[in-house]
Every structure is written in structure tokens, then in C-alpha cells.
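Presented sequentially are two complexes of chain A, the first with chain B as partner and the second with chain C.
So, the complex of A and B:
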């Protein structure tokens, strides 16, 4: 289970201010902190306050600043292809692009970009028509992503399909559909594409957010989830991921399994 | 239609351990693939095969085994030289006389024996205690000090005595054997505990306490496979080379100890087959260091390894 630390995101107040003031210390604190907590990737998002023209420069700065403090690879999170490419140019190691949708015009940009930079790519199971309403519609869009990966020569293990999680309070019926979609996506190709979700979405504006997040993550891992963008400050969430790996026999049990999971 | 060779993309590898001193040092481990599948990964080192030397004349050994060593059975240094003449890659000295039920030899006297053996041969050494956890902690610390700088493989450490033995190995520059009773979870946990004392992962060997043919071989076989697959898929705490004490286990079996009879045939042939079959099975399961007792089993095991690695006889 790969955990992608969500914290370096301009939607958080301290990150937004750090971007405005070019304050590297805050970015580096969160880069290091999430690595210590057991993250495998650092999500990097410039946030909504940065203007489109500024986004590439801010992405460049964030990636370089974060990687100066942490050995982790980054998950470059932006709707701007120019910002993603700017991040890829300075990134050390194998980056993860977040994301393309299943719209052909977007796939035509991002799949060649991923191949050119040797990066992995998150593909959202949605298109111009919006978020699908059930598992079958999500799987159909996932298939288009799989076909495009094949066409462009992106290894199936480097494609991460996101079936799109919605909040449990306003879109409760989507919860089980996403779980079923994960199950179906894992059967679309051999080797199968990977799967990813933006976990914290499930509990937006809900009570007991961390409990909802953890529980949903475990349910999704059982269905075949490979990675999630998560709150690394939730130690019990990381513990739950470690325990699930053990219970699914994905890693060999030892008494120190919570520790070895964080060291991987 | 062309047939594509299916290759597994492994992400991890077995740690590479150095034993002994140049120019007679040996390397084991380092594989980034399953045993003898070089088409999909690296197999930089062959499994190595050693013979066992005891620090007192063995009472329990069958005549067919004793006769191989003759008078040397009373002199560990001469015995070790004989093993080298038989073609052993390394010597495994077992200090059984230190056991309270045997002669209760003092750590100092046992360490002196270890030094005498080390000086008698130029191949790498494995030195084992008497098997009693409390005694072995002090005994192996004394051995580690007496053999300081010789890069010996010392064992066996258990969850109850690993601290003293690990500390001695770190101070005096040795490798350690971590023993766990056919339990991969305990093996992993013991490796973690030893590594937490800052002994590097490539200085630990796993001893899964193998059972011989007919007496639990399958358990050890599957555990060794599981450890190898763990290592190849990135589990660093199972990425150590595996040592198998085959001789000591095989020669306890009734198939090896029973004299010629009608049902089982000739003992000399049967016993050697029992030991060499056990050995080649564990070679296939991923064993890196194999410790045997009979020179003919050693020869057969080495022939098998040479054949598997494509070397000409």
C-alpha cells in the first residue's frame, strides 16, 4: 500500500502563506514530517490562489524545496499541464502525475508527457460529462485510460486509476460503487493497472472524519486499492494500512509490523 | 509465432555477505532472482558447502561416517585440514564440548580451540556454540574476541541471547547467524532486533533450523522460498542469505543410522543419499551456506551446484 502525503497543498493556510512568502522552512517541515510518518510519495499542489501564469514557477519551487528535505518522490498535483511539466523537469526520481481525466484531449497531453519523463500517471475515471454514477460507468472510463496507456506505451503498473471518491454525507450511494469499481479496474488488464483514491474526500464536511477515512481505506484495500492520497498525521490510519497489508498476506508478519511498514 | 520468455520484474535482492579474509574470502547471497534463474536477475555467487568439525570426539556418529575422518576426530585442527582436503569451501566448528551435559568446557578453552582451527586452515569459518542459550552468550563472546578481525560467521543467536552475541560480532568484525524454529515471523523479528543494534543487514545469516528429508524438509523448504520471494519483492528484513545445518540433522535420522538391511539396502549409500538429497533440495529452495558431515555428500552437493550454475565438471 503506497501512501501519498496530502499535506503540501496550497489549500492549507500555512502552505498558501509559505508559497506567497517563499518560506522554504514550512514546505520542508511537511516534506520531512510526512516521510517520517511513513509516506511513499509527497503530493505537491500549488493551490487555488496561485494564478495560472505563476503555477509552473511555484510548482518548480515546491518540488525542489520538498526534495531538498526529503528523499521521497513527488505526486505532481495540478490541472495545468505547464505546471506539471515544470515539476517533471526538476524532479529527482520517478514522479507521479496527478492527473489526467479520460477526456481524449487531456489523455493526448498527459500520456506522452508521462512516457517522455519516465513518470507514472494518475487517470481519473471521469470525462467531460462529469463523475460517473455507478461502478460500471467508472470501469468503462477506466478501460479508456487502460487503452490509452497501451497505445502510448506506458507500463500498466505505472498507470494509477482513480475511481473518484465522493463525500459520504452528500453522495453516500457512491461509496460502495467506488469499491466495486476498484475490484473491476484490477481485472481490466494483466498485469493490472494500479488504483488510487483521494481518501479524505470521503469524509468532507462529515463528523468523525478520521474514523470514516480509515474505515473506508481498509474496505478499499480489500477490494484491490494500491495507493491513496492521505492525511499522514493520522497515525491510526497508517497503522490500519500496515495491519491490512499483514491481514491480506501482502507482507510477511513480524511483531514489529507497524514499524517495518513505516520504514519501507 | 515467437515465444516470449516470461521474466519476473523483481524489485529487491538478497544481501551479499562476505566471509573470511582475502585471498580466501567467500561471498554468498546477492541474488536478485530465484535460485538458478539468471535470465531474469543476477546470481553473482554460488551456494557454498562446508563440513562440520566438533571440538570433541563424536560418540553418536555411525561408523560409516566416523571412518571418513579416522584419527583426526580427536584433533579439531587436523580434522579441519582433512575437510579442506575433501574440498570443503568452509569449516563449521561446533563447540559441543562446552555443553554442561558434555564437558562443560570453559569459554576460554573453547575459544582457544577455535583459534587453533582458524590457524590450521585458510578457508572461512563458521563457529557454533553448544546450543544452550545461556552458555552460548558468554561462549560466543569469547570466541568472537579470540578470532577478532577474521570475519567469522558466529552463531546461533536466538531471541534470548542475541544481544551479547550481536555486540561481540560488531566489536570484533564478525557476521552473525540468527536462528528461529521454522517460523518466518520470528526470523523476521529477530533480524529486526539484531539490525536495531546497528549490525548491518549483510552481516546476518538466517538459520531456519531445517529438518532433513522425511523429517519436516517441506516446512523449511517453503519457508526458505517465502523468505526469498520476500527479499526479491523488497522486504529488507528477510533479505539475508540462509544457512542450513544439514549434516547434524541428517545423521540423527534412523535412515542414516541404521545398518545395512534388506528393506533399506546398504547403509553407506543410503546415508550419503539422505544427506545429499536434503542438501540439493535446500539449494533449490535458496540456501546459500550448506553445512554437511560426509565428504561424499559434499562432493555430490558441489557437483549439483556446478551443474545448476552451468560450470563444467
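So, the complex of A and C:
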């Protein structure tokens, strides 16, 4: 289970201010902190306050600043292809692009970009018509992503499909559909594409957010979820991910399994 | 195993004509992958594509049988790269070569020796499975004569190895009823060889000079309509064979049809020690048949043992035979130890009794090969079962006393065991490592 630390995102007040003031210390604190907590990737998102023209420069600065403090690869999170490409140019190691949708115009930009920079790519199971209602429609869009990956020569293991999780309080019926979609996505190709979700979405504006996140993550891992964008400050969530790996026989059991999971 | 959506989509015509009732070819592929429609719905799919899609339901490695009757060898049906993932299904066949350059008497003696290469392992007989007659003389009549001699002298299935279709035809005319493996079919002779194999319904050995040639050759042979095949990539150095065996198995599991057959490997090293080690590699790494030149019992025993171990089911506990075992050289006054027939448990206890330097009898009760506490919890290691073994195994005639040592972990059954068996029960330590100290203090005290 790959955990993508969500914290370096301009939606958070301290990150937004750090970007405005070019305060590297805050970025580096969260880069290091999330690595210590057991993250495998650092999500990097400039946030909505940065203007479109400034996005590439801010992305470049964030990636370089974060990687100066941490050995982790980054998940470059932006809707601007220019910002993504700017991040890829300075990124050390194999980056993860977040994201393309199943719209052909977007796939035509991002798949060649991923192949060119040797990066991995998150593909959202949605298109211009919006977020699908049921599992079958999500899987059909995932299939479009799979076929495009195959066409462009992106290794199936480097494609992360996001079936799009919605909040439990307003879109409760989507919960089981996403789990079923994960199950189907894992069967679209062999080797199968990977799967990812933006976990915290499931509990937007709900009570007991961490309980909902943790429980839903375990359910999704059982269906075949490979990675999630998560709050690394939630120690019980990381514990649950470690325990699930053990119970699904994906890691060999040892008494110190919580510790070894965080040290991988 | 069902095909994935992507694999199906690649075989479809991609016309998006909607004749199948689905909006796009992609949607049709998805519907097929999930079993919601059938391939017949698409009128434009090619025969080649249909064949690929149909063959997906076949096992990744075909089952190929050599010989007839009780000694028939079945190979293939494998589904994993590593035995711990599931298990290796059909033990590889060990074949010993016989050259047709040998005199009649030499052939007879050699085959007699091969027939005797049978060993008792864990209470079962295991040995050599095939005789490989090699046409080294390049004389078709000579070959047929030696094949006839071998067939008359041995019940083992045969491999007839010659690249001369004429020699194979003459030999098959005599022994085709035994369904021998024939070949090799190569680029030069495959049409004649395939015709012979097909006519006599004999499994065919296909040999390429490398993996690429092998793959294309198999496709040609399959196109001629014969699919009882054994593969040989032509590699002879151990490193090359290991690489090729691995590729063939790996690609077969990925449904690359030309490699979906059992393989043959030749361990022909002049140094017999090296030949055994090479054969050991091939047994471990996916060979369907290993051909060796040795008839030395010492060489074959190690290979038979390795094969037995590699092809055991890792999910099933390994059991030892339930009988009286003598540790060191016990006499009528030596202690009697009770344990279970789980091999791990048995060997722990046997080792610790030996470490005590006091000879003893060890009685592993048949618990279907599970440990003491597992057997106790499952009702397989009870006072009744222990009493039954004490009465049936003849231990009472071999000792002058009536005292036994019970594992400390099941002290709770000691009372009932004493009542039922009439033996005095000494509760031993919970760990067998405590046996040396325990027996010195308590036995004869």
C-alpha cells in the first residue's frame, strides 16, 4: 500500500503563506514530517490562490524545496499541464503525475508527457460528462485510460486509476460503487493497472472523519486499492494500512509490523 | 482464467460498427470480459482472433502424456513460477539415455540397470520414469533394432530421439502402441516429423536453436494440427537452460500459447557430479523431463529425492511414517517417548533425544501430520489414539518396563492415558529441548 502524503497543498493556510513568502522551512518541515510518518510519495499542489501564469514557477520551487529535505518522490498535483511539466523537469527520481481524466484531449497531453519523463500517471475515471454514477461506468472510463496507456507504451503498473470517491454525507450511494469499480479495474489488464483514491474526500464535512477515512481505506484495500492520498498525521490510519497489508498476506508478518511498514 | 478487457480489445476489429449491440468495440470488450455477452455477437472478428480468445480458457501449460498404462508419465498443467504460490503439479520425469551405438548385450544390461533405479522414499517407491533411446549411430535400422530391444526389456515409457524422420518412422512402426515421445522436430524436418507424430498419435519433441526459433516452430507444428508437444530451446549450458526454462514458464503463464507446453532438458556433463547438479537445477526450475546419462544409483537417488521434495504440496504438512523409531541403540530398559507424526515435530524431538545421549524409542502418533498442540486441539492426539498406537506398534514386546514420556504441552491427558493404556505416564517438559535434563533426573530415579 503506497501512501501519498496530502499535506503540501496550497489549500492549507500555512502552505499558502509559505508559497507567498517563499518560506522554505514550512515546506521542508512537512516534507520531512510526512516521510517520517511513513509516506511513500509527497503530493505537491500549488493551491487555487496561485495565478495560472505563476503555477509553473511555484511548482518548480515546491518540488525542489521538498526534495531538498526528503528523499521521497513527488506526486505533482495540478490542473495545469505547464505546471506539471515544470515539476517533472526538476524532479529527482520517478514522479507521479496527478492527473489526467479520460477525456481524449487530456489523455493526448498527459500520456506522452508521462512516457517522455519516465513518470507514472494518475488517471481519473471521469470525462467531460462528469463523475459516473455506478461501478460499470467507472470501469468503462478506466478502460479508456488502460487502452491509451497501452497505445502510448506506458507500463500498466505505472498507470494509477482513480475511481473518484465522493463524500459519504451527500453521495453515500457512491461508496460501494467505488469499491466495486476498484475490483473491476484490477481485472482490466494483466498486469493490472494500479488504483488510487483521494481518501479524505469520503469524509468531507462529515463527523468522525478519521474513523470514516480509515474504515473506507481498509474496505478499498481489500478490493484491490494500491495507493491513497491521505493525511499522514493520522497515525491510526497508517496503522490500519499496515495491518491490512499483513492480513491480506502482502507483507510477511512480524511482531514489529507497524514499525516495518513505516520504514519501507 | 478469463481474459482481461485489454487483451480482448486488442483482438477486436475496432470498427465501432455497433453490430454487436454495444456502442463501441471497447464497450464490447468490457462486456465480454465481465461475461455479459458472447464473442458470437461480433460478426467481424477474425478467425485468428477467435482462436486466441477461445484458447484463453485452456490451462497455461498443456497436459501432455507419454506412454500408456500404469507407468504413463503426465506432464504440464503447471500454474505458478514458485511452488509456495500454490504447488508444482506434475513431478518432472527423469529419463536415462541409451545410445544405439551400444551392442545388444550392453543395451540389455543398461536397461536392466535403469529398471532397477527405484528407491523407497518415505514409504513409497520413486525412481526413473523414462528411457531415452538416442540415434547416435545415425543408422535408421540400427536405431529401430535398439528401440525394439529396449521396449522388450522395460515397461518404462520411451523417448525416441533422432532428427531423421526415417529412423523415427521405423522405430514407431514397432513401438507406436507404447505412445513414445518422438523427435526432435526442427526447422528442417518438422513437416515429416509432425506427420509421423500425428499418424501414430505420439507426443512430439520440438527443438529450436533459440527461444525465437522455438516459438515460430511451435506455431508451424500447431498449424499442422498437432498439439501434444514437448519443448526444447536448444540451450545446453546450465546458465542458458535456466534462463530459457524461466522465460518459457513465465511467458506460458502470461498466456503466450507457443510456450504453453512442458519442456525437456538434457543434463549431459562428462563430470558426473556436475551432471547431477545441473539436473538438480532443471528439476527445480520447471523442466518437464530431465534426461541424464548416468545409471549410478548414487546419482539418481539424489535427483529422485530432490524431485520428491520440490513437488510436495507446501500447503499440506509433511508427515513421517507412524511407527517405532529407535534413537541411538535402545535396549529393553530404554525410555519410550510419545509425539506426533508432523515431520517438524518428529525431527525436533528425535534430535533432542539424541542430544541426551540416552538411547530411546520414539513413537510418532498419526495425527495427519499436525503438531502436538494442533493435534490435541483438533482431537487427533488423544489418550485413545496414543493407546491404540501403544497396542498396535509392538513396543510392549521391545521394552521390559511400562513407562512412557508424554509431551508437557498435553499434560492434561496424562490421567486418562494411564487409565486407558495401563502404562505409567511421565509428563515430560513442554519443550523437547528440556528432554536431556529431564531424562537424566527422572528416568530410573
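Basically, the second predicted complex is superposed on the first by the 264 of 264 C-alpha atoms of A that agree within 3 Å, B and C clash if a C-alpha of one lies under 4 Å from a C-alpha of the other, contacts with A are read in each partner's own complex, and residues count from 1 in each chain.
What we mean here is this: a residue touches a chain if its C-beta (ideal position, glycine included) is under 8 Å from a C-beta of that chain, and two chains touch if they have at least 3 such contacts.
As the structure is a computational prediction, the values presented were derived from the model and not from experiment.
After overlaying the two complexes on the shared chain, residue contacts for A:159 are found with neither chain B nor chain C. One of chain B and chain C touches more residues of chain A, and that partner is C. When the two structures are aligned on the shared chain, A:4 is found in touch with neither chain B nor chain C.
In the superposed model, A:150 lies in contact with chain C only, and not with chain B. By the touch criterion defined above, A:84 lies against neither chain B nor chain C after alignment on the C-alpha atoms of chain A.
In the superposition on chain A, A:228 makes contact with neither chain B nor chain C. In the overlay built on the shared chain, the residue A:139 is in contact with chain C alone; chain B does not reach it. In the superposition on chain A, A:184 makes contact with chain C only, while chain B stays out of contact range. In the superposition on chain A, contact of A:15 is made with neither chain B nor chain C. Put simply, chain A uses no single residue to touch chain B in one complex and chain C in the other. Chain B contributes residues 184-186, 188-189, 192, 226, 230, 234-238 to its touches with chain A in the complex.
Taken together, the chain C residues at the contact with chain A in this complex read 2, 4-7, 9-10, 26-27, 29-30, 33-34, 254.
Of all residues in chain A, those touching chain C in their complex are 136, 139-140, 143-144, 146-147, 150, 184, 187-190, 192.
Put simply, chain A touches chain B in their complex at residues 251-256, 259-260, 263-264.
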